[in-house]
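Here come two complexes built around subunit A, the first alongside subunit B, the second alongside subunit C.
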Partner chain A sequence: MKYLTLILKNIRRNPLRTLLTAMGTMMLVCVVTLIWSVLSFLDRQTSEKSQNLKLIVTERWQLPSQMPLSYADILSKGAPREPNDLTIADRDSMTWQFFGGSTEEDPRNRSPDSILFAFALEPPKLATMMDELDELGGSVAAEFQRVVDKLAANRQGLVVGQSRLDLLKQKVGGRLTLFSLNYPGIKLDLEIVGTFPPGRYDLSAAIHRDYLSSAMDQYERETGRRHPMIDRTLNLVWLRVKDRQEMAQVAQQIESSPQFRNPQVKVETASSGIAAFLEAYRTLIWGMRWLLMPAIITVLAVIIANAISISVRERRTELAVLKVLGFRPNQLLCLVVMEALAIGVSAGLSSALATYLLINLGFGGVTFPIAFFSKFFIPWEAVVLGTIVGAGTALAGSVVPAWSARSVKVSEVFAKVA
Partner chain B sequence: MLTEATLRWIGGLGAAIVCVCLLAISGAVPLRYNFRNLTVRWRTTLLTVIAFTFVIGLLTVMLSFVNGMQRLTESSGRDTNVLVISASATDEAFSSLTPEAVSGIENLPGISREGEQPLCSRETYLVVNQPIEQPRSEGPKRRFLQLRGVDNAEIAARVHEVRLHPGGSWFSAAGVQQGDADDDETVVEAVIGEGAARELGRDASNWQRDSVKALGRLDVGDTISMGGRRWRIVGVMQSAGSTMDSEIWTYRPLVAFIFGKQSYTTVVARCASSAAAGKLAQFLEKEYKVAPIKAFVETAYYAGLSGTNQQFTVAIMVVAFVMAVGGVFGIMNTMFAAISQRIKDIGVMRIIGFSRTQILTSFMLESLLIAFVGAATGCLLGSLVHGLSATSVVGSGQGGGGKTVVLKLVVDSGILSKGMILGIVMGFVGGLLPAGGAMRLKPLDAVR
Partner chain C sequence: MPQANIVRVVNVHKYFRRGSERIDVLNGLSLEVAQADFLALMGPSGSGKTTLLNLIAGLDRPSEGQVIVGTDVISSMSETQLATWRTRNIGFIFQFYHLIPVLTAFENVELPLLLLPLNAAQRRQQVQTALQLVGLSDRMSHRPGQLSGGQQQRVGIARAIVTDPTLIVADEPTGDLDAKSAGEILDLLVELGTTLRKTIVMVTHDPRAAQRAHRVQHLDKGLLVDKPAMAYEHA
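What follows is the complex of A and B.
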């Protein structure tokens, strides 16, 4: 206990230095926490699972994937042909059609804030198949289910993320007309029926797929010709399977089916698909992981080492006195290390906690567009990581000064004093 | 001739040196006093310099990445070219132009001609999924390749001002050639950008091609697999520094046949001058009624792909700012320690006649010297990445589209200037408070 008191007293002896070291640590831990959050999210998205897998079916050779809507029903079932073939249950599939539109009819008046990209899908699948939304629980899930039900009941409904809603200067219950960017001549009159739960889908939107289909039918009735996108309107089919064995079977069923020849399709895990997209950002991700993070941690260790070594140098006489009073060299070493750890842990913890609260609750995520991810949130694990980084760098930075404290020679110090 | 960037660099470095020199001249405290203090406390000085070096070095590397992207988008495209895509498209990849729309464009006045042939390239651009033949265990199983089908390779080369490396040729009229002797199947002829050739050459450990060993990239005669067919490289484009560097070109009808993409995506027309190009783009945008289209002077189109660069720049600035603040706290610690160790010195100096301003100057000078050395070392180390290859995506930054590009990291005078200025500012801000504290010390209190 006395030992602990001594540590605290030493920390409080030069409050300015302690404050500066803690502030420096906090700033750098904040950056480490942010970068780690982005990297860990991307890692989670690209790590292959062995159970409860999500598969994506897309056009085999081209990007963007554009398949005829006639593929949708068969692909959603996993393309079973034989009695023993596996059939995907309705709740375990979802189709996506991308609809990009602007609230401005005149292209010259369009700005990023007036543009909306929406998934056209079967409304119930929002709650059962969309990543993260299918894992909601409690009151958030119940609230979102009400929004989904409203979209299912209203073909012209629109569910939109809160951030996008703010950019559009709209509110729930409001109406807007979207002039399509990727479906020439199509405009959709939509009613905002609700918002996504805060998080990943803050900038996204979802519409009823039947409304998009009927808008294309209407185009044909009005112009007398089929819409040019009619055979390329299905972008993606999601399937959920139990394990890798089921995945292999479904992939075999689909890829060998004669029904998908023009265009051909491919089946892959969602993580594999995302990894292919992220390949273009290879250098950036490598740089963040192997250059930025280590360099920041090094700077952090250097700042702590500097502060602790200054502190040890200033206290050589006191350390010599402690030795005379019976403190063993290793106790002095521990004293210095514990001081550094106390600063590192408290600064690391408070910085990571502040980053977690500020980014997630204050800013509603950190905006860093990479592939199709636009916003990142700080997971709670980052708070633990921040504390560990603070502790680790404090330990690394204090080893040499602590060794120096341990090696203080009483005779030399008192000779100088004398 | 000195470029604007060089002038900026000279300006930044000059300002830093002038700042230090002015302080040295205006301060009556001899400069060697400061040097000696820094060398006596060499461990503390060194640790602070290391922190500065890392912060500025990282900033240099990060900015060189964005600079490489910026250079790429700036040097892609010609101001005498007009690029046309369909009205609803946000990017070439989403464009769809009918043959009627395209043929209507190429006969318009203002487009340069070579004999009877208008210098107008009709193209189909698409992004292709390529399964990686022997993927690394942890790596992705496929990659995206950018394929451009052109109707007439010679015309396309003239319009885009692209040349081939010696030993290469443009694809034949048929666009295919006989495969290996023991293989009846024909192979598709393709011309490849240098960057794409380097990227695909990364699988060299699997292929062990002689060309990859010699050149670090694929070369004429090498084959790749794409769209279920074998493709033979018949030429490598001298395309470094443009987005074409990451593309593969082939005969357009084969793109339609293999990938089922029948429509054109892009028309690029060559005009006699930039003024003529501007006029043509305006005409196409406002008065062309054959099909709904968008027309850009090509340089404006590529400038619009700098949205990603801006997003990255903002992110880098945020990271650099937070790191810089951390560095400032570091140097504050050092300077406060320096002052607390020399309180008696300060008292003596004040007693023998040095003014408060001279004391302030002396300590500021120390702080700035540390910052200067750290920043210069950081710039120097950061410069080592100059010329290295990297991959990224350039796009409008509004989602949808974007081009995967292979770029070179560029450390230029502008970046070095920013690094030096940030370093000096960090040193100034970090030194100001401690130096101010030293200045306010009362002589008798200090020596007591």
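What follows is the complex of A and C.
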């Protein structure tokens, strides 16, 4: 027998209490893990990188942002005017035109599954500028590059996420016609040339921006008047810069340029955009971080403290016997703390790990129904955190009972105090 | 017969405080116990027998006076020093056995050995020897709940002797047993004295138990007395 055996046997002595304590710990650790993951996710989204920043250029005053396509080329270069001005390289820019359409022509037959939102863009930019797709590696990158090349070669191509493809009940190689929701009278005949790599873009779609432009031209030819949206088809321009200094310079170049007077434009980073969006939820997030999390952790410590004190109180005589046998006060303290730790660590670890596996593998991540946000996964650090929370609360909760175990007075326990 | 005194209690006072009240339990008591002696302590309830035993066993420290066991002045050791000292020098036998219910007989006896620098094989060897001595080799994997009172007390004795201590102290070791089991336990204690030359100090209310000891000392109001003050024995 070793100390560990003694600890384990002590834990097993009241299986129901141990089980209930462990279950309470697991549930609360699960909640803590989730909240922490969400908070750290938001933090990551809003904290600025200092290298390889992406800037977003949008219409200054309106939501949704709508700009004339004529802005595209100058904005893509970063609007250089002076010889010393910075010029953005072609691969470091991307234009976005949102195209929403349904496979059903008749609005009455349209269901969410028949609707597709696509980014109309220059195909090569899919692999060089889209978040995460610009960081693919190995065979996934090569595979996706082939898809991008097909879109570049086929003006009527459509790249779509696998989940969206399934919703459309379509396959790669299939064809579909989209009747536009935001461009009245425009319809696109598309051929599915490939899918996005699994993950963030499972529900997204991308089309060739030239096809949208030519569809607008064709509308003008057929109807004899310009399409009402013609001056408002450019929604976003993305620019990549090296660092903050370049970012400031490019922002200055664009915002001071006389070319963008009507409408005016503004330059932001993705994180500042999201930060502005999250501003509305500031109190909520603050509350989650500084009230909810500490409250849960405190409750957890109290639950453990409660269970451990009961078990220490029940075993006062036994602890006194151990003292008689020669166990030193600190050894008894350790014994009790280790019991709590064993429960806390195993419950914390298993709960966090289960949360991690369930969310990430079971559900394949959680989709945030909020603009810009990528799919949300539990980071592996959360598993470490969950274990630490389990251990920390066990430690905190067992301090007082362990101290009382340490200071059990043998003469008092065995004296028949009259 | 007995040679050097293994236990020397010198003019010991012990009082407890309960609030502002001071309870004097031992009042300048002195006592000597020789090597391999078997001493029975008797006395009315509340006379301080357990208190005295606790001082001798290093479970508590006197308010005044000295307690010396072997060459160690245990009355001036710290609590932690005493704990380590107890492991090697004291075997304690309780009235209510006080075995750990979740551990087997073997593990209960092994418990004090965990505190010594022994490997598993050495521990196993010593536990088996101790259990053999008390005649429970066939009950090693039983839990206390699966043993009779007499058997539990024998496990308790095995636990007390497994570290080969200098001194065995027993507080009413037969107080919870029927006459037959009590007789067996006393036989065992006597045998420990004769064959292993263990020094034994036993508190008892039972005159028949006291008879088996070499020597009986009576305690009354915190002092040793020559004769029992009154007939307090309840057999």
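In this section, the second predicted complex is superposed on the first by the 394 of 418 C-alpha atoms of A that agree within 3 Å, B and C clash if a C-alpha of one lies under 4 Å from a C-alpha of the other, contacts with A are read in each partner's own complex, and residues count from 1 in each chain.
Quick note on the criterion: a residue touches a chain if its C-beta (ideal position, glycine included) is under 8 Å from a C-beta of that chain, and two chains touch if they have at least 3 such contacts.
Computed from a prediction, not measured in an experiment: that's the story for all the values here.
In the superposed model, A:P329 lies in contact with subunit C only, and not with subunit B. Once chain A of one complex is fitted onto chain A of the other, the partner contacts of A:Q218 are absent, as it touches neither subunit B nor subunit C. Counting the residues of subunit A that each partner touches, subunit B and subunit C differ, and the larger count belongs to B. When the two complexes are overlaid on their common chain A, residue A:E318 makes contact with subunit C while staying clear of subunit B. Once chain A of one complex is fitted onto chain A of the other, the partner contacts of A:R17 are limited to subunit B, with no touch recorded for subunit C.
Of the two partner chains placed by the overlay, only subunit C lies in contact with A:V410; subunit B stays clear of it. Residue ranges on subunit C touching subunit A, taken from their complex, read 45-46, 50-51, 54, 57, 59-60, 79-80, 83-88, 90, 92, 94, 98, 100-103, 106-107, 110-112, 114-115, 159, 171. Every residue of subunit A that touches subunit C in the complex is listed here, in rising order: 1-3, 5-6, 9-10, 12-13, 317-318, 321-331, 410-411, 414-416, 418. Those residues of subunit B lying in contact with subunit A across their complex are 43-44, 47-48, 50-51, 54-55, 57-58, 61-62, 65, 86-90, 93-94, 96, 126-129, 140-144, 227-228, 258-261, 292, 294, 308, 311-312, 315, 319, 322-323, 325-327, 329-330, 332-334, 336-337, 340-341, 390-393, 397-400, 404. Only residues 16-17, 20-21, 23-25, 27-28, 30-31, 34-35, 60-64, 100, 107, 112, 115, 117, 180-184, 228, 262-263, 266, 268, 272, 275-284, 287, 291-292, 295-296, 298-300, 302-303, 305-307, 309-310, 314, 368-369, 372, 374 of subunit A touch subunit B when the two sit together in their complex.
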